[in-house]
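Right after this note come the structures.
Look for chain A in each of the two complexes below; its partner is chain B in the first and chain C in the second.
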Partner chain A sequence: MSDTPQTLLSVENVTLKFGGVTAISGVSFDIRKGEIRAIIGPNGAGKTSMLNCINGFYHPQEGRITYKGETRERMRPHVAASQGIARTFQNVALFRGMTTLDNIMTGRTLKMKANIFWQMLRIGPALKDEIQHREYCEEIIDFLEIEHIRKVPVGRLPYGLQKRVELARALAMQPDLLLLDEPMAGMNLEEKQDMCRFILDVNKTYGTTIALIEHDMGVVMDLSDRVVVLEYGRKIADGTPDEVKSDQKVIDAYLGVPH
Partner chain B sequence: MQELGSFLEVLISGLLAGVLYSLVALGFVLIFKASGVFNFAQGAMVLLAGLALVRCLDFLVARGMPFWAAVALGMIFAAAVMAICAFMVERYVLGPLVNQNALTMFMATIGATFVIEGVAQMIFGSDVYPLRLFPTDAWIAGEGVFPGGILINKLDVWGGVIAGLLVVALALFFQHTKTGRALRAVADDHAAAQSVGIPIAWIWFVVWLVAGLVALVAAAIWGTKLGVQFSITFLALKALPVLIIGGFTSVPGAIVGGLIVGAGEKLAEVYLGPFIGGGIEYWFAYVLALAVLMVRPQGLYGEKIIERI
Partner chain C sequence: MLYRETGQYKTSYAADSVIFPIRQDRIGVMIVLAIAFVFMPLMMAFKIPPFRNDYILLAILLPFLILSLAAIGANILIGYCGQISLGSGAFMAIGAYMAYKFGTGISEIGLPPLPIVVSILLGGFSAAFVGILFGLPSLRIKGLYLAVATLAAQFFFDWVFLRVKWFTNYAPSGSVSAPELKFFGYLVSTPIEKYLVALIFVTIFALIAKNLVRGNIGRQWMAIRDMDIAAELMGIRPLVAKLTAFAVSSFIIGVAGALWAFLRLGTWEPLAFDINRSLELLFMVIIGGLGSILGSFLGAAFILILPILLIVVPAEIGLPITTETVSHLQFIIFGAMICFLLIKEPLGFARLWQIGKEKLRMWPFPY
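Now for the complex of A and B:
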């Protein structure tokens, strides 16, 4: 990494309303290239809404989101994806009728260029294309240690593995920015440790910038470079884990008073 | 030998009629696979495609254009009409309902049915229009083996061949192309599909267009058989038991289901009819579907998880 950290994404004064309910009000923060950025806050603080704004599911009424130096208006989710933003969901959102491998291959959709007629016959350039993308997917499968469930329909997998497949699908997109919405929710200790290791490895091996929402404070403090804290749609703190941990407002709102 | 001959004749004509049921059912399967929506408007789309085709054809022939050229232009015109229909449906009916549940979308397609039927008849008229795209005479086969031979309708054979080609093309499309994979992804989860970069609006346009083109093929064959008329929309009702038998998510299921229904109702009519007073053809498919529902609710080829609908 270079000495002066580059900003990959900046959120400025974003306000998001649903009818009369204000989900996010006037929040600003930035995500630097190559870092792991955590977004924390109590339930209903607007964390998931924030991710939804970043990848284009929601369009904030006010404020600006600048990604790779470009400010965008009402970006659609598939456009965000084509610009290198991948994500996972709070409630696992996999294609349940498909196998693990097929799920991960959908992550390559945007990279496949062969003509539809070649693809139908699976000859010529399409064959080469398919093999090349399959190889990349296999690499990710090895990386996340899910070789044994390659051909299993994902609906049949236990929850922890489904989360891992979801991560694999996001990685198959070779994202520049990876948004993880509670990647460890509902996991046992061992699964959590595995997931932590994968997130760190992804960040290191592929240099992927990661923004994650997580409730497990131990995990957040260990993983992230910087933390932004939301409460009732407002930002109440922003800084390194240590700074945030000792911030009085955060302690009151979220971490609780030490006994 | 006489017995066997007439049995074969009934069986073959039943199977070939079944192919036509399959064609309509295919349109349903396509949309169900790609959006998880049971498209009530498929019958109306067959009517729209048929009317567009036959009216354009008549118009051009009346202006002195050679028949083959008129057919080609008529097909292109009807395909364009189906493309416009697909675009409008995506834009004004389904597009605003992204991330809504399947039942909401199903209700929306019921609304679309009435609009499509109404608009189609307003623009193209509401009479019975005869269509002559395929030969309608018959072959007599196997005269040496069976006394009197077996009568086979040429139109039914054409229908069979065309349906077969369509199925192969669709199967390749779904299994091998990235669009096919994207279609299956969209059916499972809208938000997740968007997040990997699949543009839902485009995918839905494609799938309604393909369903529209299948409707056009069905309309060309059924129209030749019965004339293009409003009652063609009731075909959709015959496709329902076909889907239940074959499974809502399976292209081969739609084909096998259609064949079973076609052959089943003809055989039942001929061999069971005399004992219980005839008229079996009209309800046999539904009773068969009911029986399948009790034994195999997902149909013969359906995916196990169908909690939608």
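Now for the complex of A and C:
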């Protein structure tokens, strides 16, 4: 990495309201290129809402989000996807009727260029697309060690594997920014260790910038370069894992000290 | 160990992505095609039982082929893209009447009668165009409301073809007859010839449909069906995916409608494409298997054969049964099967077939 870390995304003074509920109020932070940035906080702190703002699913009432140097106006989620933002969901959001391979192949959809007439005949550019992108998806399948379930409809997979397929699908998009919403929730220790290893590997091998929401403090401390802490929609701390860990406000928030 | 994929190693992703990756499936499809294209026509030509007269050909095989095609169209929209539609009959009607208009020439714009294949395809394109118009609201309305909107389309077009005389070339009776069935200069008149024409259309369109559903566009349809929010976050534009499904589906249904009118009916009235036809297609898709091309054929076969079985079987075992009872029984059985399948096995016959194959793949070793 260079000496002056580049900012990939910056969130400035973002406020998001649902009717009377303020999910996020005046939060600012940035994500640097190539880092793993953790977002933590108690339940209902506004972490998922923040990711939803970043990928255009929610539109904050106030504040600015600047991505790759461009401050964006209201935008649709598929535009965020085309700009290289991928994500996984807190509750698995796979395409249940499709096989693992087809789920991962949807991650390549923006990169497939053959028009419908070629696809009807499945020759020429359409066949080339299928084979070339299949090769890429197979690399990810190898990488995440899910070769054995390629042709299985994902609805039939156990939860832990579904989470892994969801990561694979996001990786297939070759994202510049990967948003992971509690990728290890509900996993056993071994599955968690595997997932940690995958996340670190993704960050190292592909150089992908990652924003990670996670409740397990051990995991957060091991994985992340910097941590931002939210509580009741506000930012209460921001810094390296060690700084955050010893911050009194964070300790209070997690121990539930009344204000 | 007859049905196996072990030992058939794929050396490339191209080999693994061919239409039937397992050799036995490939052979099976070849056999079915050989029977349909060669063996059956020969039997028909020499009037070998059961083809002593044209009954089986005209009352079962021809309707089976054309309705299978329509069911494939309906399945693309309903089964693959998850957009429920009760308007399939209307799109068959649009295909039929527009093919008729193109086939008899549109004098208002100085268009001479067009060749029959061109007319049929233009009938399909007309249906696709209307399909896109009716698909536009699908971005906003979902599920039950979309079903109601497509039902409105059904009644609207029933009315249009009954009342707007232009579509029937101002025929006083309101019924119209197909133009001369000249395919590339060859006049199609016998039942065998009609069967072969239908078979060629169905084979080509089934192949096209299969290619689409296993390619990029098909994955987009299924993604929208399974989880539209996640699909959008993958970069899939919901409106584009839905409208292509509406277009392709309506096109195929329109072509099937034109074939139904030209080959099966010859002379027809708007009633031929009413709400009953839409429901029949919906039943075929549900019973055969949502999201399965094979299922579209199975569903069509079942719905056509059941009433015949209900007449033949009781007659054979000497049970007196009136035609009225038969039609009641038919509804009871359809109703019961649809409830059962929707609860127990939403993927229909096609899924049962697949489970059977999976078992067979393991056989005789269960693990």
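By our rule, the second predicted complex is superposed on the first by the 254 of 259 C-alpha atoms of A that agree within 3 Å, B and C clash if a C-alpha of one lies under 4 Å from a C-alpha of the other, contacts with A are read in each partner's own complex, and residues count from 1 in each chain.
As a convention for this text, contacts are C-beta pairs under 8 Å (C-beta built on N, C-alpha and C of every residue); 3 or more make two chains touch, one makes a residue touch a chain.
All values reported here derive from a predicted model rather than from experimental measurement.
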Check chain A with both chain B and chain C modelled on it and let me know: fit or clash. clash
Quick check for you: in the superposed arrangement, does A:Arg122 touch first (chain B), second (chain C), both or neither? both
Of the two partner chains, chain B (first) and chain C (second), which one does A:Arg169 touch, if any: first, second, both, or neither? both
Just chain B (first), just chain C (second), both, or neither: which does A:Pro77 touch? both
First (chain B), second (chain C), both or neither: which does A:Arg134 touch? second
Clash check vs chain B: of 42-50, 78-86 or 312-320 in chain C, the offending stretch is 78-86
Jot down the residues of chain A that show up as touching in both complexes, chain B in one and chain C in the other. 55, 57, 76-78, 81-82, 86-87, 89, 93-98, 102, 105-107, 109-110, 112, 116, 119-122, 126, 169, 173
Within the complex, chain A is touched by chain C residues 12-14, 16-17, 208, 211-212, 214-217, 219-220, 222-223, 225-227, 229-237, 244, 248, 291
In their shared complex, chain C is touched by residues of chain A numbered 55, 57, 76-78, 80-82, 86-87, 89, 93-98, 102, 105-107, 109-110, 112, 114, 116, 119-122, 126-127, 129-131, 134-135, 138, 169, 173
Per the touch rule above, chain B residues touching chain A in the complex are 169, 172-173, 176-179, 181-182, 184-185, 187-189, 191-200, 249, 303, 305
Show me the residue ranges of chain A that touch chain B in the complex, using the header's touch definition. 55, 57, 76-78, 81-82, 86-87, 89, 93-98, 102, 105-110, 112, 116, 119-122, 126, 155, 169-170, 173
